[in-house]
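Below, subunit A partners subunit B and then partners subunit C, in two separate complexes.
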Partner chain A sequence: MSLSRKQYWIACLFLLPAFAIFGMFFFYPFLQSIYYSFTEWNGIKAPRYIGFDNYRYLFQDVQMLDGMKNTLKMVVFGLVVQNPLALLLAVLLNRKFRTRGFLRTSFYLPVIISLVVTSVVWGEILKFDGFANGILTHIIGEARLQDWLGTVYTSFPTIILLTQWQAIGYCAMIYLAGLQAIPTDIYEAADIEGAKGFALFRHVTFPMLMPSVTIVLFLTIVGALRLFDLPFLLTNGGPGSSSYTLFLAVYNAAFKNQSYGYATAGSIVLTLFIIIVTVIQLGITRRREVEL
Partner chain B sequence: MGLNKRPSLLLEGILFLAALAFLFPVVFLLEMSFKEPRYFFKPFELPHSLYLDYYKSAFRDMDFFQGLSNTVLITAGALLLTIFVASMAGYVLSRRTERLFRFAYLFFLSGMIIPGVGSLIPLFRMAVDIHLMNTRTLLVLIYTAGFIPFASFLYAAFTKSIPRELEESANLDGCGPLRLYWLIIFPLLLPATGTFIVTNVYGVWNDFLTPLIFLNNPNRMTLMPQIVQFMFNKQSVNYGPVFAVSVLAVLPLIVLFAFTQKYMLRGLTAGAVKG
Partner chain C sequence: MKLKGLSALASVLLLTTAVSACGGSNNGNNQGNSSSDTSTNTSSNSSTNSSGNNAAATDDTSSNASTDNSGSNAAAAGNDKEFTIRVGAWFLDDRPYMVQFKKDVETAYAKLYPKAKIQWDVVLGATYFDKLKAQFASGSAPDVVFYQGVDFAKSGNLQDLSAEPWVARLNTGGQKDFQTHADGKTFGVPMGLSIGGGVWYNKKIFSDLGIQAPKTTQELMDAAEKIKTSGKTPITLGFKDQWTASLFYFNWLNSYQLNDPTLGQKVYSGEQKINDDALIQKVYQNFEQMKSKGYFNKNAISIDWPQSGQMFASGEAAMIVQGPWMPGANADNINKGGFEKFDIGYFPLANDDGKVAMGLGSNEALGVNAKTELMQESKDLVNLITSADIISPFMKGDGALTSFTDVTVQYDDPVMNDVQAAVDNSTVVTSNLTNFIPASAATNMLDLLTKVVSGVKFNADDLKPAQASFDKDKATVSPPAE
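Up next is the complex of A and B:
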């Protein structure tokens, strides 16, 4: 065997473990889920092919429908509110504040706290006679107080706001890293050209930041679609099905009701959702990225 | 953007207040874990003494150290296995141009877009069939599979900065490919390894869903589902012990965060390069 042949096979051996683990514990189960989504399957009897029935039923199921609606709300909120806020925060944190180290740490610390602990803490703060309402009495008056997580109209908006405690800091950090990667001589050149304030941001900073925007938007969308822990722990989707997310509905269909076939159909819809939104988003932001 | 000017005090004041608001829940968590039962339900009362009973109860009513050791084992196992397999894969992905390797690149890329959710249900059945249900090994394998795409790309990106001449001269010296990799290349990839660890250790440690589905034996349970179970099993509504356990579960991460904060920012940029 020639040397280059030998090197080729050795390279294949280097690739093999990662290939095998990824294939067996990620990709193969994903392919299986496509097949299972067309079957009726409770985990005991063999799966039985039923065509598109699972998918048809998805769109009549209140929990799935509310889950889809809420998931969509979370995506929109993430793109329209969370992102600009995170970008603003990053621009501010990039300036020479005296307390910059403290500021950065405080906004980033929540990111490392688990969602379980987040639920424990915020569940206690938000309960009806808890801390939040104690403060709100003085601001909006006792008559307007709500059980924020226990009322149909406020439960999901409250959960969306809770996600921001971690999401803003996380996204801001990525933007901050992007801002710091912009070479300073570009600013010097812009300064000579007379660009200032918002114009400078719009025509210089923002285009240079486009790769970070791509990453953050991608993470925002994927994060929004995977929202599970907070509604599972804080409201269990309730009251009624007002705070269901698609992910939570899929989880319950599978591990509570043992309708595995039906649940995989839900997860395929979620997957398609993610792929479509990601492709659109990448198409829009990638085009605007500028090369150095 | 006036990079050299100092921003106004007013702006700094506003940001400072916002930062305090973000910090508040962490302080609240700590405070509640020390708050005597008498004051527990009075939100505006501070603890009056160093009350440690919740911590005692946490150690007594819950097998904290079992949970901790499971969490440490699974986290370390998943990170180490990923570093082992993904660094080798990333290295050859960036060095070889044959069709097989280009295909592998796309194959891994699919893992960045397809969400793990879809795989969970078939994985659950597979775990039952191959008798890996309720094992820490299974969790390590599932996390590793999820990390492989990101980690391989990270290692591939870092490999590009290592000159090929290094390998050629090592080859001439009669160094075999495995020794060449582990003795020369892998040490040079250490920044990638550091980046991978500081950006992903939190995800495994804090994960709730995967152990919830794949572990139901109390001896194998990690901290997060353990806390949730502890909360649901509590007869009284005084969550003091739950807060104490939460503090203990978060503490190792805060310590780690304090030491690695500056590397984290760098890690996020590296992630952005890959995109």
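Up next is the complex of A and C:
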């Protein structure tokens, strides 16, 4: 047996325990879940095979459709608003000024706070007789005050805004790291060539920042598609299904409606959706990355 | 190199062996203990059962309890086997009557099995049921389980307990209890009979405003109007907890269903569509009217049940629609919040004509895992829990009515007399529409309710998703017998 073959088999042996654990707790359940996605199963009675009914119903179910709409809203908001704002913040925080360190810490601080704690605190601030309305009553008047998490028109927009409290600081830090990794001699060369202001940003900074853009867009899109915690903790999808997300719709199908087969079908579609979207996104942004 | 390869292989094998040995060792121990316990205890427990039967024939409550326990003690004589029996529950928290319940059970069981240990597998809240399903599926469920929902019995997870001595002691309500009976068999102990819910009101506010307990929907609206005019919130809702919305809606629908008592069967058979039914729509219209007139708290959707309870306890709101635990919970809220004490009253949700149907059934059911290896020990544990000494304080704490002919419950709060009177003067039902539709359809209905209470106008078409969910998941429903 050649040396490389021996090393190959030894490596396989070392991988075996991890593979066994993954196989038992991930691969096997995943394969099983494909089977369950074709069944009607409430977790108590025996599963009943129903073909593609679960998959068909996904596109008629109000909760899933509302979840899909809201999830897409979150993705679009993440790309169009959150991402540019984070980049702008990173550019500003990359400048030299007195309180730079303090501001960098301040913007990143929300990221380290538990989402459950965040939800409780924001829930208290936003409740009808809470702090936010206490201030707003002097600005917009009492008649226009809302139960921000308690109406179909404001619940999900409020949740989107709350996600930004953590997301913008997090993405800005990734951009900031990217900005600091750009060699200064490139800027010096550009300066000699006469590039300044927005032209400098467009033709030098942004192309050099593309690896960070790839990461941030990936995290933004996947984060938006996986949005669950905040709506679960703050509104549980309500009122009605106005603040459902796809992930929450799948969760509620399983653990509220006891439709485990249907929820499994939803989770498989969601997984495929996330894979397709991220592959497309990575394909687009990676092509634009600049090799140093 | 060869040596390295062999040692690597040996390490992997060792790890694998160690891991599997750990599992094997546990199983072996459990099986060993369980099988020996089961075989040893079977004969002694048969005498427990017979003494229990004797007790059931006696009318006096206190003597029954002592007879049960003494019978158990006699059976326990010479029983010194060691075992751990697991009891699963979702509600055994640190409330004083819950703590006392556990203590009483442990003390009584120690007399029966001196070396036995009770392991309380408590997961508070609805997560318990998800865990319980997984445990039944994997064969690791507790020996004795508190449960909700007849499906656990119908699917073969629970042991048929029809031959147990306490079955003969069940009163009419206990015998008709929906979730403990299926296919003519008894699968669990109804731990008291709870009203589905109703309206608890602040007597001081009512008397100050000269309001009598409303007897029809219109009277309820009139009372709410008077309260609103006085500056108080008429009814506080905590619909962030969707079960509170369910409790309110389906209890009200119960009374309206008196105009069509077979509505549930009709929906189940497909004769009646959920979105076309006038009674179902009427209750939504009631909510819509109350919302539009400002009879609910403005944060009804974004606060949960404890926060709505606080509003009621503080005197900020005059009414709250809740379950039988409200007197105890309200007294607790008043103490903790330092609010001014007040008496509470109770009235059921009536229909337009003043007719009332009240749901009555067990909140907690107690059964035995059909696959337990401690079968007799589990039955003995269930049997002793039914003794008056143990179950009566539990029912009192729960605000439940008795489910046994020989167990009486003395309540501290006189409002429970109002509850009893309401039950006596109403049509008692043991099931409601939710027993005929899948959970997904009920969720759709409640989603619509929260939407309406948030201020959206009711549209009957918005009930179509509930009908669609019903059509999709109908096979998961186990409807009550006719």
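Keep this in mind: the second predicted complex is superposed on the first by the 269 of 292 C-alpha atoms of A that agree within 3 Å, B and C clash if a C-alpha of one lies under 4 Å from a C-alpha of the other, contacts with A are read in each partner's own complex, and residues count from 1 in each chain.
The rule is simple: a residue touches a chain if its C-beta (ideal position, glycine included) is under 8 Å from a C-beta of that chain, and two chains touch if they have at least 3 such contacts.
In this text, all values refer to a predicted model and were calculated from it rather than measured experimentally.
Peer 1: Report for A:Asp129: first if it touches subunit B alone, second if subunit C alone, otherwise both or neither.
Peer 2: In the superposition, A:Asp129 touches subunit B and subunit C alike.
Peer 1: Just to be sure I read the superposition right, which of the two partners does A:Thr137 touch: subunit B = first, subunit C = second, or both, or neither?
Peer 2: A:Thr137 contacts neither subunit B nor subunit C.
Peer 1: For subunit A, which side has the bigger count of touched residues, subunit B or subunit C?
Peer 2: B
Peer 1: Quick check on the superposed pair: does A:Asn257 touch subunit B, subunit C, both, or neither? Answer first, second, both or neither.
Peer 2: The second partner, subunit C, only.
Peer 1: Using the superposition on chain A described above, determine whether A:Ala18 touches subunit B (first), subunit C (second), both, or neither.
Peer 2: A:Ala18: touches subunit B, not subunit C.
Peer 1: In the superposed arrangement, does A:Gly43 touch subunit B (first), subunit C (second), both or neither?
Peer 2: Both: A:Gly43 reaches subunit B and subunit C.
Peer 1: Quick check on the superposed pair: does A:Ile10 touch subunit B, subunit C, both, or neither? Answer first, second, both or neither.
Peer 2: In the superposition, A:Ile10 contacts both subunit B and subunit C.
Peer 1: Overlap the subunit B and subunit C contact sets on subunit A and report the shared residues.
Peer 2: The answer is residues 10, 14, 17, 43, 129, 255 of subunit A.
Peer 1: Could you list, by residue number, the parts of subunit A that touch subunit B in their complex?
Peer 2: 7-8, 10-12, 14-15, 17-19, 21-30, 32-33, 36, 43, 91-92, 95-99, 102-103, 105-118, 120-122, 124-125, 129-131, 134, 165, 169, 173-174, 176-178, 180-181, 184, 187, 197, 200-201, 205, 211-212, 214-215, 218, 222, 225-226, 228-229, 233, 247, 250-251, 254-255, 260, 263-264, 267-268, 270-271, 274-275, 278
Peer 1: Within their complex, state which residues of subunit B touch subunit A.
Peer 2: Those residues of subunit B that touch subunit A are 1, 3-4, 6-7, 11-12, 15-16, 18-20, 22-23, 25-26, 28-29, 32, 41, 43-44, 81, 84-86, 88-89, 91-93, 95-96, 98, 100-101, 104, 107-108, 110-111, 113-126, 141-142, 144-146, 148-149, 152, 177, 181, 202, 205-206, 208-209, 213, 224-225, 227-228, 231, 239, 242-243, 246, 249-250, 253-254, 257, 261, 264-266, 268-269, 271-273, 275.
Peer 1: Using the touch definition from the top, list the residues of subunit C that touch subunit A in their complex.
Peer 2: Touching subunit A: residues 1, 4-5, 8-9, 12, 15-16, 126, 130, 133-134, 136-137, 149, 151-152, 154-155, 157, 239-240, 242, 298-303, 438-440, 443-444, 447-448, 450-451, 453-456, 465, 468-469, 472-473, 475-476 of subunit C.
Peer 1: Quick one: which bits of subunit A touch subunit C in the complex? Just the residue numbers, please.
Peer 2: Residue positions touching the partner: 3, 6, 9-10, 13-14, 16-17, 20, 40, 42-46, 48, 53, 57, 60-63, 123, 126-129, 147-152, 235-242, 252-253, 255-259, 262.
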